[in-house]
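Right, one structure below, let's go through it.
For reference, chains read A, B, C and D in written order, and residue numbers begin at 1 within each chain.
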Amino acid sequence: MHTIRIQTDDFDLAQEYQLLRELSSTVGAVVTFTGLVRDFEGEGSIESLSLEHYPGMTESLLEEIVGQAHKRWSLIGTTVIHRVGELLPTDQIVFVGVASQHRADAFEAAQFLMDYLKSKATFWKKVSQDGEQQWIESKDSDAAAANRWDTDSV
Amino acid sequence: MHTIRIQTDDFDLAQEYQLLRELSSTVGAVVTFTGLVRDFEGEGSIESLSLEHYPGMTESLLEEIVGQAHKRWSLIGTTVIHRVGELLPTDQIVFVGVASQHRADAFEAAQFLMDYLKSKATFWKKVSQDGEQQWIESKDSDAAAANRWDTDSV
Amino acid sequence: MITLLFFGRLGDFAVGVPTTMEASTPAEIRTLLAADFPALAKELSEPQVLVSVNKMIVDWDQHLLKGSEVAFLPPVTGG
Amino acid sequence: MITLLFFGRLGDFAVGVPTTMEASTPAEIRTLLAADFPALAKELSEPQVLVSVNKMIVDWDQHLLKGSEVAFLPPVTGG
């Protein structure tokens, strides 16, 4: 079972958790990751964040990534939600939830999904700071985080 | 900021998440782990689980473990809740929540805390299955999971 | 005709760029744009920029079929 | 006097065991229990069983002070 949503609306962690938890009575572990707009990006505080994506392509990339996770680990359910549009500091941006029998599967799959979301999914962030707008540069550390899953013998 | 609770009552993931999220406007990542009573332990379905602990010792072990996590990673907040007493299938047993600026810290600290909870904290589980009660055997895999943090150069 | 899309920071450089053109490869689109939009063409030459055809990442010399959608993708920054 | 505590499965073997006794080390407690509670003493000799004094894990030959609380801990199974 997997759910992928790209939306401008906020999401409700409690509701997403409940859905994962109730998928099966064999669920023994649920890991959630929530990403939030931080108040500091480099120096100075940000006023807002604007998230653009490539409709259609993003969904198919996420389907592929989630499919890989289900092949690689023993998972009962996964949920990926990514917001687009205008966001403010402390707003929720991204949610990954994984339900499994054993904790290692849920932890690893959630990290894998986040690493791929950061480095492969077609989202772009623009930040408004001190009255100026600027596209965020991608981080080498995110590419490195995603690459480790290629070589790991997990 | 850290919270440690051992309680017979259930806990509310949404509330614990909200507390972590609101600790600071620099929180960029929140990872939660929830452990649930699974319906199958070995073979056959279980009727209930009974959790005993060593009051006083458990709290000081958890304080020590959480303190280690805060030294090892850059964390804004951690919450550890472990239930004791009688639990039924699909009940929540354990919660670990970690808030940090960056996702790697939150993921690793949450895994670290769970591995130590499983292998070092003074809790013991007894399962009622087919009318018989039986203490659960500890798993070598849990000890191995905890040991990896001793050698890792994370 | 080929439909053109520019994402992220590339969009800022693509103001006034036609949304469709005739071309047989993504590399040719870049060459054709260089005449009127040199700043955009320079950005498209950055090694991190990827190109997709009909939402699949492809090589720059991928042969384009009529009606294809070609998108230029700077490094992603989601999550 | 030393207070004795038995956790997890050890509790099942410790039914009827005195809750206090005089002893100078945890190892001596085990030896003293062997006379009347051989099954429990055997369980306590399992290498995975840990012993704590006043809630700190110690060696079996730790010298015990008056009023100490000695607990016998089988492998933990929390989380």
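Methods note: contacts are C-beta pairs under 8 Å (C-beta built on N, C-alpha and C of every residue); 3 or more make two chains touch, one makes a residue touch a chain.
On a predicted model such as this, the values are computed, not experimentally measured, just so you know.
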Subject >> Steps needed, at minimum, to go from chain B to chain C via contacts >> reply: 2
**OP:** Can you check how far apart chain C and chain D are, centre to centre, with Cα atoms defining each centre and the answer in Å?
**Re:** 74
Original post:
Rounded to the nearest whole Å, what is the centre-to-centre distance of chain B and chain D, using the mean of the C-alpha atoms as each centre?
Top reply: 27
**OP:** Calculate how many whole Å lie between the centre of chain A and the centre of chain B, each centre taken as the average of the chain's C-alpha atoms.
**Re:** 23
**OP:** Mark out which residues of chain D touch at least two other chains, giving numbers and ranges.
**Re:** 79
**OP:** List, in ascending order, every residue of chain B touching at least 2 other chains.
**Re:** 35, 103, 114
Original post:
Between which chains does touch occur?
Top reply: A-B, A-C, B-D
Subject >> Interface residues, chain D side, partner chain B - complex >> reply: 5, 7-9, 11-12, 48, 52, 55, 71, 73-79
**OP:** Using the touch definition up top, name the residues of chain B that touch chain A in the complex.
**Re:** 12-14, 17, 21-22, 25-40, 89-90, 101, 103-104, 106-107, 110-111, 114, 145
Original post:
Residues of chain B touching chain D in their complex?
Top reply: 35, 51-54, 56-57, 60, 82, 93-94, 114, 117-126, 135-138, 142
